[in-house]
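Would you mind keeping the following structure in view while I ask a few things?
Every chain is named by a letter (A, B and C) in the order it is written, and numbering of its residues begins at 1.
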C-alpha cells in the first residue's frame, strides 16, 4: 500500500509542474505586453530596458519560467500592482475568507444532500425518489450566482432580515464567528455556495445507496432477521466512501470555483480577489491566486485519493 | 466419424430459421425510444422554442434592444407596452431577453462543438495509438483537468482580455480534456474487440479501421457526453458574462444583464431576477433532454 | 439457392479462367510441390506486467512446420500452449520475435520477399465466434464487404461480392444481409465470419477455434461447409482447435503443440492411431471413452502444465512425462525431418538414436 501512496504522490508532481507552467503562460495570453502594467506611461527606452532587465523579462522564456518558479517556491509571488503589498499576504488573507465559506458550505451540503440521497436511494422509483432527483437536477442546472441574487432579493430587499453584501459591518479584518452581527453575513453566501454540491452529493448518494441495496449481502442480512433500521445502517456505512470522495472533491472545487458567489455577495475571498485582479489587470495577483487555487485543488484531489485507498482496499490494486 | 465431403444438394443448416420479426438496427431503435418518451419530447420542444426565438429575434422582439430611453429607466411590467418593463438604461427588457438568447446559446453551443471535435479527435488518436502517444496526450489533458472548470475558464478568458470569442475559446479549452477522456476510454474499449483484429487481418490501414469500425462505436458515448455538456456550458458562459468577461456591453446577454441589473436590485427586484430565470430554464431543459438522449442511447445490444 | 455445398468445383475468381475446373491457380508461384508456408523457429515472447524486468511469457518458442498446398493442417494443444499466438504470428497481427516465415517460396517481411500487406491478400483468418467478432453497429453484409472494399473494390461492387459470399455459406443475403450480429445465431455468425474471410479470395485460411463455440449439430454442418468451400475454392487450411475429434475429422496432417513448442507432427491418422510422443499419447488417452467396457480409471496426465514464464529446461514435458530421464532435463529434443510431406516426427529423446535416453534406438 505504501507503494500506491508513493506512486500517487509521484504522479501528482508532474501535474503540479504542468499546472505551474499553465499559470505562468497565462500572462502571455493577454493582449499587449505584460510590461505595460508595470511601466509608467512616459518611460524612455532606456528606462524600459532597465526595468526589463530588473524583472528578468529580457531573458528567454524557459529561464524566466524557472526564475519565477524559484521565487514561487520560496513564497515570493511579487507585489500587487494595485495595493503594493506582497501578493502572498493578499492571497493568503483572501483564502482564509474563502475557507470560512467553504468550511460551512460543505458540511451543510453534505448533511442535506446525503439525507436526501439516502432517502431517495432507499425507495427507488417512488415519489420521494422523483422529488429528490428532480431537486438534484435543479441544483446542478441553476446558476448559483442567480440563486444568490434571488436570495438577496427575498431576504435582504423584501424581508430585510439578512444583509445583502459584505463580510461584517466592520469588514473582514474584524470578523468573528461568535457575533451574530457578523455571522449573519455568512448565511446567504453559504447557502448559495452549497446549492450545487447538494445536487451533486444527493445524486451520488442516491446512486451509491441504490447500488449497495441491490447487493446480495443486504438480502443476506434481511434473511438473517436483522431489523430494517440496522440494515439501513449497514447500507449507509457501505455507501459512505463513495460519497466522502465526492464531498472531498467538492471542497476543492468550491475553494477554486467560488468566484461567482463571492462577486455577488462582495465577499472578500480569493475568488473576489481574482475578479478584481482581472479588472485591474493586476498580473502578479492574478498569477498568484490562480496558482494557489489550482494547487489547492490538486492537493485536495490527492488527499481524497489517498484517503479512499485507505478506506476502500479495492482501490489499491489499481 | 466418417462423412462425405459435401452435404446433399439443397441441404439446410439447423439454425437457419429466419427470425419472425425484423429487429431494428441501433439508430432506429434509439429514435423509437425517443419518440415514445414524453418527458424528453416535452423539454426538447421547449429547447426548440428557445432556439427558434433566438434565431427569429428580430421578428419577435417588440422593441429595439439597443434603444435607450432616459425617462424610461427601470419601469415596471406592462408600462407603456413594455411587457416586462425596462432595464437601467431604458431599454425594453423582453426584447433584450429574446436577443440575449442568441449570445447565451452561441456561447453555450460553440465551445461544446469545438471541444467535441478537438477532444474527440485527440481521444481517438490517444486510444488507438501506441502507449507513448497515449501517455503524452492524456497527461497533458490531466494538467488541464487539474483546474476547477470555473477557475480555468475565468483565468483563460481573463488573461485574454474578455470578449465573446475569447470566452468561447476559454470554454472550449475547459471542456476539451473531459471530452478527450470520454473518447479515449471508448476507443480503448473498442480497440480490444475481436472485429478490430479481424479488420487488421484484412489488411486495412489504421485510418480505414478508425473510420469504418471505431468511429461508429465511439460516436455514441461522445455524443451523449457532449449533450450533457451543453447545459454546463450555458451556465459557465453566462457566468463569464456576469463577471464582465464574456460579451461586452451594450450587446444583450443574459449573464451581462444579470450583472448590470444587480445595481438596481433595491429598485426593481423582479426585473433583476428575469435574466437568471432565462438561464435557468434553458439550462435545465438542455439537461433533461440530454438525460433523455442518454437513456435512449445507452442500451446493451 | 446454391450454396458451396452444391456448386461444382470452380475457382471463384474470374481471373482464374472460366471452365478450367480446378486448374492451376494463377497466383501459384512455386507449383504444387512447393510448400505454401514454411515456418522456421517462430518465436514470440510477451513481457510480463508487474513481474521482474526480464520475465517474459514464452508463448511461442521455436515452432517449425510446413504447410503444403491444398492440405488441412490441424494444430492441437491444451490452453496456453500458444496455438492462438501462433495464428496471430502467421498473419503478423503481432510482431514476431524470432524465426522466419516463407510463403510460397518468398520470405515474409524480408527486403526481397513478400510484404505483410501482400501476405494478407493470400492468407485470411476465421476467428472464434466471440460476441465481438463482428462489429455490432454494422450490418453483416457490410462487415463481409469491408475486406474487398479495403482491397480496392468500390462499395457497390464490394457489396455484391459480399452478398455472393453469403450465398455460398448458406445465408440468404436478402434475408440476412441487412441484419446486425445480435440478430443472428452462433452458427449464422460463424458462417458470416467464414464469408468475411473468403470474400477477399485468399489462398490460405487459418481457422482459430472456428467451431469451438457452436452446438454440436451446427458444428458438424459448419465443418462440412468448410470442407466443401475448401474444395470449391482450392484453399489450404490451418485448423486450430483443442477438440481432438474435430481435428481428426477435418485434418490431413496434425501438429501437436505443448508450451510453445511442437512436440509431434505427422499425417492425421498416424498421429491418432500410433502417437509417438508421450504427450500426444496422454492427450489421446484423456478423451473420455464412450465404451462402458473401457472406462478410464486414472487420468493419463497429472498435475498442472508448468508456467510459460519459467518453463522447464530441456524437454518442456519432462516434468510430467512418465519416461523422463536426466537427458530430458538437460537437452531439448529436436523435431526431426519436419520439412518432408509424409514424415511423422516427434520431439522426443526416446526416438533419437544417440540421445542418451535408455529407450532410444541404438
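A few remarks follow.
To be clear about the criterion, contacts are C-beta pairs under 8 Å (C-beta built on N, C-alpha and C of every residue); 3 or more make two chains touch, one makes a residue touch a chain.
Small disclaimer: the values here were computed from a predicted structure and weren't measured.
Relative to subunit A, the chain whose mean Cα position lies farthest away is C. Closest to the protein's overall CA centre, chain by chain, comes B.
Separation between the centroids of subunit B and subunit C, computed from CA atoms only, is 49 Å. In terms of their C-alpha centroids, the spacing between subunit A and subunit B amounts to 24 Å. Note on chain placement: the centre of subunit A and the centre of subunit C lie 59 Å apart, centres being C-alpha means. For subunit C, the set of residues that touch two or more other chains is empty. Within the complex, the subunit A residues that touch subunit B are 14-16, 18-19, 21-23, 26-27, 29-31, 137-138, 140-143, 145-146, 149-150, 152-153, 157-158, 164, 252-253, 256-257, 259-260, 263-264, 274-275, 278-279, 286, 290, 293-294, 297-298, 301.
Per the touch definition, subunit C reaches subunit B in the complex via residues 3, 5-6, 88, 91, 93, 117, 120-121, 124-125, 127-128, 130, 132-139, 143, 146-147, 150-151, 170-172, 175-176, 179-180, 182-183, 185-188, 191, 193, 196, 200, 215, 217-218, 220-221, 224, 227-228, 231, 245, 248-249. Here subunit B touches subunit C in the complex through residues 1, 3, 5-16, 18-19, 23, 25-26, 193-195, 197-204, 208, 212-213, 216-217, 301, going by the rule given at the top. Within the complex, the subunit B residues that touch subunit A are 139-140, 142-144, 146-151, 154-156, 158-162, 231, 235, 238-239, 242-245, 258, 262, 265-266, 269, 272-273, 276-277, 279-280, 283-284, 287-288, 291.
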